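Each of the next two complexes has subunit A plus one more chain, namely subunit B in the first and subunit C in the second.
Moving on to the complex of A and B:
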């Protein structure tokens, strides 16, 4: 007796299909980021600050370094240094020239100074993080790849740097190098090296055991090629996310150094330095302190929101499928 | 556990030695001679060479370093050049202000941050949650020194004649007389001969006020601490609130929380006993990691609020090239930082056996 065994034909519709085409990590991250409302707010804030920084010469009504004392339109107004804000819409008389944020102690327009200040904070924030990541990645990758005593010595050095609270070490370095914005930028970068070095080392340790690295070693690639062409691109992603998260605190530290006189020097319109100039007059002219501080806060908030969003967007546990 | 603790302590020793070397080198590399910084225009060549000889600044660097290490081992951090007093005495005198400030700030951060985080997690995605998280996000973004200045303006000028007015500067009201507890207790007859430890404790004014049962002094010193503590603690508070929220959110989704609800426990018991207690570990870590933030905050706020603590002394020392002082204070801060991290590591190993066994 024979039984017919019929094998059902496989239909295209029977094959389970993925609900969504698999995407590259970058596309996936950007997609997640776009759906994250607070990250988008952060991005908007940062873009706004960049616009202010770039167009400061166009938007600023006055030269940030020029005192109003010798201007014709400011004659007969009485005392100018530290003058409170004058906004026509809010009832300031039309005869008086408009100063949205008032005048500083040298009779300079605060609004113009605060606008120009955006340039310094953004430059310091981004450059010191970039320098920190580059140096940290180099130290961490060499330590992780070489292993042995190279690893031990480099990482113990990093431990020593980490043993200081960041601001204290930055203060010590700047006071050795001499107070200036450039030295403050470098000091903040140096202080952040150990964090990136540890991260880079951890990444390299896991990547160097992967098969594609063994393969390139087998075909005779040099250490330099393996480290920089094969391992580095794979080790950098988490460093960049960490870097974005750090820009905010770097901006804060830079402002703090300027505030205690170790960063930007007067008359540079850096926010921390402006704040420092006005600190002793906060009880009589609070506007000298209020506006630069608000700008620092908004900028840092922008970077923090974007950094948090980026971290969430790259976290595979939070992906939707 | 003992092996774990011993291993952690041994690992700390090279780091401490590195800190010594680094603080020594950094202060030696500060440009400018200490002699010219201290005597200004009066600094003649003869005066300066006598000065250098007296403080051993002519010796080779290696010799100076060995001398330094030897002295530190015996608890001698040298004499401050500008103030002509032992650095250890200065520490005993000025550290209390910073310690009180840091603890007050931490207290503020925990007392507000932890409940805010729990409520935020429990009321997830409600206006209460959004509000807390907006405040927390703004809190981490504020410059400490700006917040300090704004608080001083708010409470000393705007609210001047209201019951909410608070003093914006100084550690105590001007003219306040302090009787150290060891004098009142009759332990020491002459306050100038008391040991640094006793001086240290008596200068924690809130503690001294409690020990001498002086309520007026207690309110006086607490009132002066409120504003700087809020300024220093706000960033930590925001970080703690965010950490508590995410940690409690995770435990709220666990099966045992559902079980606790299913067996009819009160909601408060479920949240506090089952969810919050199990999310404590990351919260404790984040609280202890905030020490660095508190110290940095203290350095920035002490000058604003007219408090003569470690931060302000260190800052004055840097601008007057007072090597031994800067060296001693930086070393001490890093030393304390390392010790606290060590304690946290050990505590962590104690709380979580997986860490101690790995």
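Moving on to the complex of A and C:
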């Protein structure tokens, strides 16, 4: 007697999810990230802000540095500085030129300035973090890999830097170097170095004891090769997550420095500087502080949401699969 | 006639300080033959005379003499019709001789602890917070209506207005330009506009390139649209400046017209000047609101924008107020924004202070042709003779262009509507003793900033002068809310026909806050310690005594550099 044995055809849906899980960490992270709604909102916000920054010259209706005071189409409108927003759809008369966010105290179009402000704020945020990560990673990896007195000296220097409140240290650095957006960027980068250095060192200390590193060492690989080719790629992941989380606070710090006059200098339309210019008129002309303030808030929120999502996505303990 | 008082405190203090001082005899006279200065003598009756050997030292005073206990005589080297206006100014307040001696003429004991004769006495100065004063129960005139007066400060116009609206301040200085309508439309508040007896200007230093080139300075004058600045950044009542003094001040002339706003002409002048374009320079200013400049940062940006149109790229440099003023006086600033509010209503207050022989290096080297005209005009009593000289001086200022006068800023004060006697003064010296708050015993005033010191012989900041004006008094005063000179510690004065001899008759029964009585020696020494740079009491807060030098051209015994 023969028995037909039918082997059911394996359907994709029948394969346990675990067997479909992507193998690459990057793909796995993206997969997890995509399932995180908050992170996606953060990503959307950041993408929107980047779009504004990139296309500001096209979108902005006016030159952000040019007052409307002498323009023919603004004559006869009365006092222009600090003028409230005029949106035709919301009832502003058609005779009056449209200014979505009103005019600032110098009679410049706030919408154009806020759009251009995205460029400065995002550039400061991204570059400060990039410089901080690069420098901090270098210091941390060298300290962690070399150990001994090199580790002691480098990390004690980092501890000294870390002992100062970040904003106070940034203010001190900019006060010494002179107020400018470039110096503010560098100051923020410098104060963030110890955070990345400690993180990188901790990663290196655990990775350098792993078998693949021992194996490399056994076959005679150079220190340089081991450190930069084998350890670094594995140590960078958490730095990138930390960096993403930090961009928001860097944007905030840069705005704070500009607010107190140590960052962007007039007439640069950086959000903190715009906020500072209007702070005296918060009750009589609230649009002067509302729009730059809301842009700072949204941007920081976006980076924080994305950063939190990235952290969750890369944390195996929080893996929901 | 009142007798000179016994000054044992002064003697003891002087001995403690190791200084040679007139000693006060028990009979009330001064009998020492070892005075403070070689230029000071004390008569057998104890009357002090301060005298220069001659007028060669370049200053205005020849001598200051206590003729008797209540008569002081000034001998001048050249006539000065504006002298009554000058002696009414708060930098020339009268102090008790003993207090000057006891404090060594300076230090915190003096500039944080003034003793005067005014309607209010200093109560407590909580640094960084407030200055409280109490009514002087022995005031010689009409006593202060309100028992307590408190000065607070906040540099933000919005914050001052919020305090006023919340009722935590009864009056505020300098509302923001955009707040004028808000205050005017609030039935709980009262707005008092101040006419623009001031000038806001852009100054240039003729010793710093490229502003050492008169064509560049003239180009700057052509490049700035004054009217646009006034129309957009100043409150109602402000005027575009045509010259370095407002229309309400004697010496103003309509015969001088400013360089018109003409960017094309500015570019031509820059091309003629031969300087390399674009010019890169720095525009310095202090972020301090004054009646002449209600929005410093905003105006700086507009000037930056306007100058960029003609090829002058400006980096804006905001400095701390004290540092900025010091840098300006020392001639360290190439291009800067500053202003001047009238201390007394005469051309000398504007022109001599800035361009006279005793002026600072704010605009670099002095212009001799201008200095000599000003000196000649200041010495004339006849307004008809002075006027053409001021026409000439204002024309020279325009052509030499060390400054570009921009605006005469209207400003104001705002009070709670219930405050009786509230007002604003064109000179910025509001008299709080005539105000009262029916709701309580405190009058709280909020101004822009905290004074650095309140020994006003050595202060120039209006924030300090206003405090001094409540505590200290000068020989004469300005009427409340006006500019007319009225008697104060001197109930009358006479001038000789040649205006070289001025005699002031002191009021009887005036006592200082420390209980001592006013006499002529107090007047001589209050002036003497400012006048004589070699006097050991010529100390002050930073020792500059700027107003005295500006008013009277030079100090006595200036040390050789």
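The working rule: the second predicted complex is superposed on the first by the 299 of 321 C-alpha atoms of A that agree within 3 Å, B and C clash if a C-alpha of one lies under 4 Å from a C-alpha of the other, contacts with A are read in each partner's own complex, and residues count from 1 in each chain.
One rule holds in what follows: contacts are C-beta pairs under 8 Å (C-beta built on N, C-alpha and C of every residue); 3 or more make two chains touch, one makes a residue touch a chain.
All of these numbers come straight from a predicted model, not from anything done at the bench.
Trainee: After superposition on the shared chain, which partner residues are touched by A:215: those of subunit B (first), subunit C (second), both, or neither?
Mentor: In the superposition, A:215 touches no partner, neither subunit B nor subunit C.
Trainee: Quick check on the superposed pair: does A:65 touch subunit B, subunit C, both, or neither? Answer first, second, both or neither.
Mentor: second
Trainee: Scan A:54 for contacts with subunit B and subunit C and give back first, second, both or neither.
Mentor: After superposition on chain A, A:54 lies in contact with neither partner.
Trainee: Is A:281 touching anything from subunit B or subunit C once the two structures are fitted on A? First, second, both or neither.
Mentor: second
Trainee: Pick one for A:27: touches subunit B only (first), subunit C only (second), both, or neither.
Mentor: neither
Trainee: With both complexes overlaid on chain A, does A:165 touch subunit B (first), subunit C (second), both or neither?
Mentor: Only subunit B; A:165 stays clear of subunit C.
Trainee: Who touches more of subunit A, subunit B or subunit C?
Mentor: Here the partner covering more residues of subunit A is B.
Trainee: Applying the touch criterion given at the start, work out whether A:229 contacts subunit B, subunit C, both or neither, answering first, second, both or neither.
Mentor: Neither partner.
Trainee: If you stack the two complexes on chain A, which partner ends up touching A:266: first (subunit B), second (subunit C), both, or neither?
Mentor: second
Trainee: Once the complexes are superposed, what residues of subunit A are shared between the subunit B interface and the subunit C interface?
Mentor: Correct list for subunit A: 261, 279, 282-283.
Trainee: Sort out for me which residues of subunit B touch subunit A in the complex.
Mentor: Per the stated touch rule, the residues are 14-15, 18-19, 22-23, 26-27, 29-31, 137-138, 140-147, 149-150, 152-153, 156-157, 168, 291-293, 295-296, 299-300, 303-304, 314-315, 318-319, 326, 330, 333-334, 337-338, 341.
Trainee: If we count contacts the way the header does, which residues on subunit C are in touch with subunit A in the complex?
Mentor: By the definition above, subunit C touches subunit A via 156-158, 161-162, 176, 178-179, 182, 228, 231-233, 295, 297-298, 300-302, 304-305, 315-316, 318.
Trainee: Quick check on the complex: what are the subunit A residues that touch subunit C?
Mentor: 65-67, 69-70, 79-82, 105-107, 261, 265-267, 277, 279-285
Trainee: Can you check the complex and tell me which residues of subunit A touch subunit B?
Mentor: 38, 156-157, 159-160, 163-168, 171-173, 175-176, 178, 248, 252, 255-256, 259-261, 272, 275, 279, 282-283, 286, 289-290, 292-293, 296-298, 300-301, 304-305
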